[in-house]
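Once you scroll down, you'll see the structures, which are given as structure tokens.
Paired with chain B in one complex and with chain C in the other, chain A is shared by the two complexes that follow.
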Partner chain A sequence: MSELLAFARGPFFVLTFTFMILGLLRHIGLRTYRLYQVLHRTPKRDVPWGKIVRNTAGWLLPIRHIFTSAPTMKIASIAFHVGIVIVPVFLADHVFLWSRGLGISLPGLSDRAADVLTLMAIAAGFYLFGFRILNRTARNLSGRIDYFVTAAVLVPLVSGYLASHPESAPLTYEALMLIHVLSANLLFVLMPTTKLAHVVLFPFDRLSPEIFWRLVPGAGDRVAEALRGNRQGAEA
Partner chain B sequence: MKASRVRDLLFVLVLFGVVAAAIRLAEGLGATTGLTDEIPWGLWKVVNMVAGVAIATGGFVMAFAVHVLHIESLKPLLRPALLTAFLGYGSSCAALLFDIGLPHRFWHPIFYWNEHSFLFEVFWCVLLYFTVTALEVSPIALEGSKFKRVLGFLRKIGGPVMIVGITLSTLHHTSLGSLFLVSPTRLHPLWYTPWLPALFILSAVGAGMLMVVLLTLAAARVRRQPAPIAALSKAAGAAAIVLGLHLALRIADFANRGAAGMIFSGQWEANVLILELLALGVAPLAILAVPRLRRSTKALAAAGICAVAGVILYRVDVGILGYLRSGAATYRPSLAEIALTLGIPAAAALAFLWFVTRFKVFTFDRRAAAPRSVTSFEPMTRVWSDVFLDNTDRLSLIAVVVIPLALVLFVPGLGAAETPAAVQAPRGMDEARAVLLIDGDRDGRGVLFPHADHKERLGGEQSCAPCHHLDRPGDRYSSCHHCHAAMDGSRPIFDHRAHVASVAKREGFTGSLAGNRTCSVCHLGDSPKNGEDAKDCVSCHREDMRMEKEPPSRLATGYVHALHASCAGCHDAKAAESGRPHLGDCATCHPEE
Partner chain C sequence: MSQTTLAPPETGTPEPPAPAKRKYPWYVIKPREGERVKAFLEAFAAILRYSNYKPALDQYSRSSMKCSSCTTNCPVYATTHDPRDIPCYRSGLLLKTYRRHFTVGGWFAAKVSGDPGLTEAEIDEMADVFYRCTACKRCTLECPLGIDHGLLTHLGRWILSELRIVPKGLEISVIEQLHGETGNTSAIPAHALKDTLEFLEEELLEMFGIPMHYPVDEPDREFVFFPAVSDYLLEPETLMGNLAVIHAAGDAGNWTIGTGYFDGINYGLFYSDHVLERTIAKLVGEVARLRGRKALIGECGHASRSAKEFVPVFGGDLTVPVVNIMEYTLRQIEAGKIVLDPNIITEKVTYHDPCNIARSGWIIDQPRKIIRAFCPNFVEMEPHGRNNLCCGGGGGTVSVDEIHEFRMSVAGRMKADQMRATGAKYVIAPCANCKKQLKELIEYHKLDTKLVGLHDLILKAIVIPGAKSPAERAAAERGE
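On to the complex of A and B.
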């Protein structure tokens, strides 16, 4: 098992991590290029950038939007996101990885704070998973991949928490680390290939509709024509 | 296979090559290749450069045939031949760029002349001939463009340029053969002969013409157009004559040197030579000697593949394999080396495909490429789908997959955790080790610890145990660094593997899997077999191991953490009772920081 762990931590980690970085950069590049092309081809370009940026920034910490609907889910979502962004980057053990692998020096979380944030994220994650199953609207919007991805995010959190408390864990430290590293590597692969790509595409997803619907007067009619299958009309 | 799939495959090879090239530039030749002092010429020089220019001879041969000998029927092959020469020489130069020790000094031979070197002559001929091929190819690219005056100028100088090109090629193909004349004692006698220059140019000319035939056949197949079979069979016939001449010279050479007996000596080199002569000489000759086969595209392709593979093998024999015996060495090309060797021709092939789709190279080409498609809505899926160049999406995805894979394959040990250096024991500052310098990682930032003074003030022998809280078996007051063996992060203090072996020995278990019978000696419950249900250490080590209290786990914390906990914990406690409030401060032990 220690060879497997060494492989998962070494070459396999490099493989998936590089894949994630390049894959996310690819998304950014393609989306930026697409936006550029759209703006370049349209004759009318009075895009209200200030308003769009303000709206996007507002959604980054959507406190204003909590009480519009399903407030518990939104609070859980915020708790979940705060945990899974802060802990993997700033956990003291990960800070060592950053400095060893890439020479990046980051401040570390205290163990207590990391525990609290992780437990918070795990609890919120399970709530969100349950919400997806039990809430009718969420269930109708979810496909098989959505359940899988939500669960996949939880595995490294739980295994990581248990690995940092080996004295009360049901598995050996090595087994926990293997699960932790392999599931994290899986996340690196899923990041650019599933909806998890919103880690970088989020601003674009807010931007694109704001821009596309302001383009050409009558663009909506063309869309309607295209949707009705009259492609000739759309291309004219 | 569809043309776009071929293109994707070539793109994958190019990406692998690009990563290999980047690693070579970053790490250097020694770290990236399998080259040694005994075998300093490897794939890049011999396959990409020496063999690469050999199969690119079509350019000057066809130019000679069409413009000097005025064989009009070969004209359909002139443009593909010139393009082949340009790309072949271009990829040779690219390969050489990565093969020379300091790539940024590739221009040195232009200014710093060493006229005694064969390579000096090869450098100049390749450089000049590459320029010539560029001048010969650019009129094709400029046809119908707005640069009419440039095109007119290029056409005007076309004749002299062509003559210069023919001369240069003849020169350097012979001098590439001469190059190997400098090592008469090292090159295997099967290949070493003073006739190498003549043999090199003949084999290159024959295989180079068949290379043009091959590429034309491939292009016709991809475009689903009839190949210009008359020109092809004429060129192949001429190539057969040249290859026949080459084969005859080889045999005459063996006879002349009295080396014919060696061919069937059974040495592996001799068998490789037989394979080489079959591929480069006998097989293409046998196919092309039959007039009916000369008019069949399949037979022409088979002859071409044989001859091109044969000439590459000939160059590998003379450049690499012929040196293994005298060098008493083996040459194992690294993955990165192979990747660049394949990546450069793949890039040339992509450039070839791009060139022939944009410009009129083949007689069956129609002039212009289809206009770029215009923007359109695609219902439901992607709003502005055709905004993209249609390939960007797919090719970038291929890159995202291939580049990490290449990185991991070409740099073994990338990301493997280096085992941190074991913590070093404290260093005595005097003979009696009364004062210790605690500096586990020897980074020069340590703590001076008056050990003898602590012992005396805290009550002699009685005071050892609180700090030295656990002994290794057979040891007395083990030093901290034995268990807290990593500066940061926990380390197991229990060596399971060593215990399995020694327990099996002590219990007298025998057989091939004696260790598998030891579990129940320490693990008393039925399940699970982990630290929880194992016996305490002292139940076996009662005699040889002193333990103040059972440690909370079998993981020892990091050295830094352990010593801070031990020293600072005590200092904090004593600060209040001794009336020295600053005893627990950092500066008490770390005065300079």
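On to the complex of A and C.
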């Protein structure tokens, strides 16, 4: 088991982490290029940056959206996000990894703060998972992938917490670490390949209502022409 | 979803002898039969190739979180609680098709999971649900991922329209507008327009005691005027209010109506970029013909939005600034050129924000400032402004008679409650679409209120020096 753990922590970790970074960079590059394309094809090119930045900032901490509906779900969602953004980056053990692997030095969380944030994120995560199952509307919308992704974020959280509290853990430290590291590696793979990509794509979210209605002059004619061509081709 | 659920739950009336079959929830003139899946995918592919929708679909299919936040803001879903009315579900139908057929990852996932791809039943479902959405974009305000479901509804309808799956109520008007002799959605010939204008001038003369004129085909004017053309048939008071304001502001010589094209309506906004562009071309073409400098749009939400947003996109060299008549009127009031008597409309009034001008934040305060200038008893509906509730007839659905019951008891139900709650004598709705829908709602829900345009009330309260005063006109109207 220790060999497997060493592999998961070593080369496998490097591989998946690199995959994630490259994948996310690709998303950013692609999305930026596509927006450039959109604006390039339409004569109306002004972008209301101020409004977009304001809206993005507003959604980063969406307090005013909490009470519009399902407030507990919204609060759980905020708690979940705060936890899963802060803990994996600033946990003391991870800060050590950052400096050893990449030479980046970050301030570490105190153990107590880390515990509180982790438990908060775990509780919120389970609530969100339950919400998908129990809320009729959310259930109607959710597919397998939605449950899977939520679970995939929860496993490293729970296993990490238990590994740092071995006295109350049902499994050995080593087994927990193995689960923790493997599930984290899986998460790195899922990050750019599923909707988890929103970790880097959220700044583009508020651009969309401003930009995507910039239609293309002549597109209608060209579409009609192409379809006429198809039909004639089929008849010939 | 089975065929039976596609029939509109609301149709209780027997079918009239129809030129077109009711396979869809509304009449369709000549829908594409046969290989619809292939045709749908071909249309989708062509649109992706030549338009700007691919980046939107990429982004949305990546970010759609299925969190259900949008549901709380949708008046349709709030009323039906039917899963097919969830904004994210409906958009998901299109996104799913996009992923499966136009992305490598989606194609691969479909292969692995044995997903057969787009089906005939899914096309039927899309035809149904895309016209159960009023494209009011209220859901977009609550989507944490910023998904513009209104855009996807528009795109879905465009693809369907390339299969000629479009409600007849919309298509027939567009055919007349783009190919017909009259060239407008209400099929009003130019001579009938002139007769109407003459009639309105006579009414105004009687009302005010002074002559006022609608200038016709005058070249080199600042404004060329485009109301929703149906106003010429249905909203004489709005049009008279428009003229009274322009006359009183001293702009009688600065505007004109063109007989070459006089329709602000643009149903392309609802279902097709192709129609949208060609209609804009007619509008800017008429302004150019008359060597006008600006397009002045009447009281109509979708006419104003389509001109404001898409003249700069499709206008080419002929692009001109677009002004909504309420913007114009407010400017005149603020410049002190228009005086409104605050003692005429003393009853309680409320204001309905047309989604197409309010959701973006463009026209929210202007009408309120005008109303506050002469209606001392103004109350707001809740919610209002940017977060307003759709009248329930948005996105062109108001022109689809077959779904009248749906518009009354589902899409417009919350609006009816909202109007009732204000207890207002007048509901002001500066939009041809909203006016029709709200009038029907008032009748259907037996509300004790009257639907008016903003300029209808201005017409009553405007003070024009040398003309009969508002009080005199009111007395004359009462027959004193």
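Please note the rule applied: the second predicted complex is superposed on the first by the 212 of 236 C-alpha atoms of A that agree within 3 Å, B and C clash if a C-alpha of one lies under 4 Å from a C-alpha of the other, contacts with A are read in each partner's own complex, and residues count from 1 in each chain.
One rule holds in what follows: contacts are C-beta pairs under 8 Å (C-beta built on N, C-alpha and C of every residue); 3 or more make two chains touch, one makes a residue touch a chain.
As the structure is a prediction and not an experimental result, all values here were calculated from the model.
If you count the residues of chain A touched by chain B and by chain C, you find the higher number for C.
Once the two complexes are overlaid on the shared chain, A:76 sits clear of chain B and of chain C alike.
Of the two partner chains, chain B is the only one touched by A:11; chain C is not. Once chain A of one complex is fitted onto chain A of the other, the partner contacts of A:101 are limited to chain B, with no touch recorded for chain C.
By the touch criterion defined above, A:93 reaches chain B but does not reach chain C. Once chain A of one complex is fitted onto chain A of the other, the partner contacts of A:124 are absent, as it touches neither chain B nor chain C.
When the shared chain is aligned, chain B comes close enough to touch A:166, but chain C does not. In the superposed model, A:34 makes contact with both chain B and chain C.
Looking at the shared chain after the overlay, A:19 reaches chain B, while chain C stays out of its contact range.
Note: residues 30, 34, 37-38, 41, 212, 222-223, 226-227 of chain A belong to the chain B contact set and to the chain C contact set alike, using the contact criterion stated above.
Taken together, the chain A residues at the contact with chain B in this complex read 6, 9-19, 22-23, 26, 29-30, 33-34, 37-38, 41, 93, 96, 100-101, 166-167, 172-173, 192, 212, 222-223, 226-227, 229, 231, 234-235.
Contact residues of chain A toward chain C in the complex are 27, 30-31, 34-35, 37-38, 41-44, 55, 59, 62, 65, 68-70, 73-74, 77, 135-138, 140-143, 146, 193, 195, 197-198, 201-202, 204-209, 212-224, 226-227, 230.
Those residues of chain B lying in contact with chain A across their complex are 374-380, 383-384, 387-388, 392-393, 396-397, 399-401, 403-405, 407-408, 413-417, 488-489, 530-531, 552-553, 555.
Across the interface of their complex, chain A is touched by residues 42-43, 46-47, 49-56, 58-60, 62-69, 71-73, 81, 83, 86, 88-89, 92, 105, 140, 142, 144-148, 151, 162, 272-278, 309-310, 312-314, 316, 319 of chain C.
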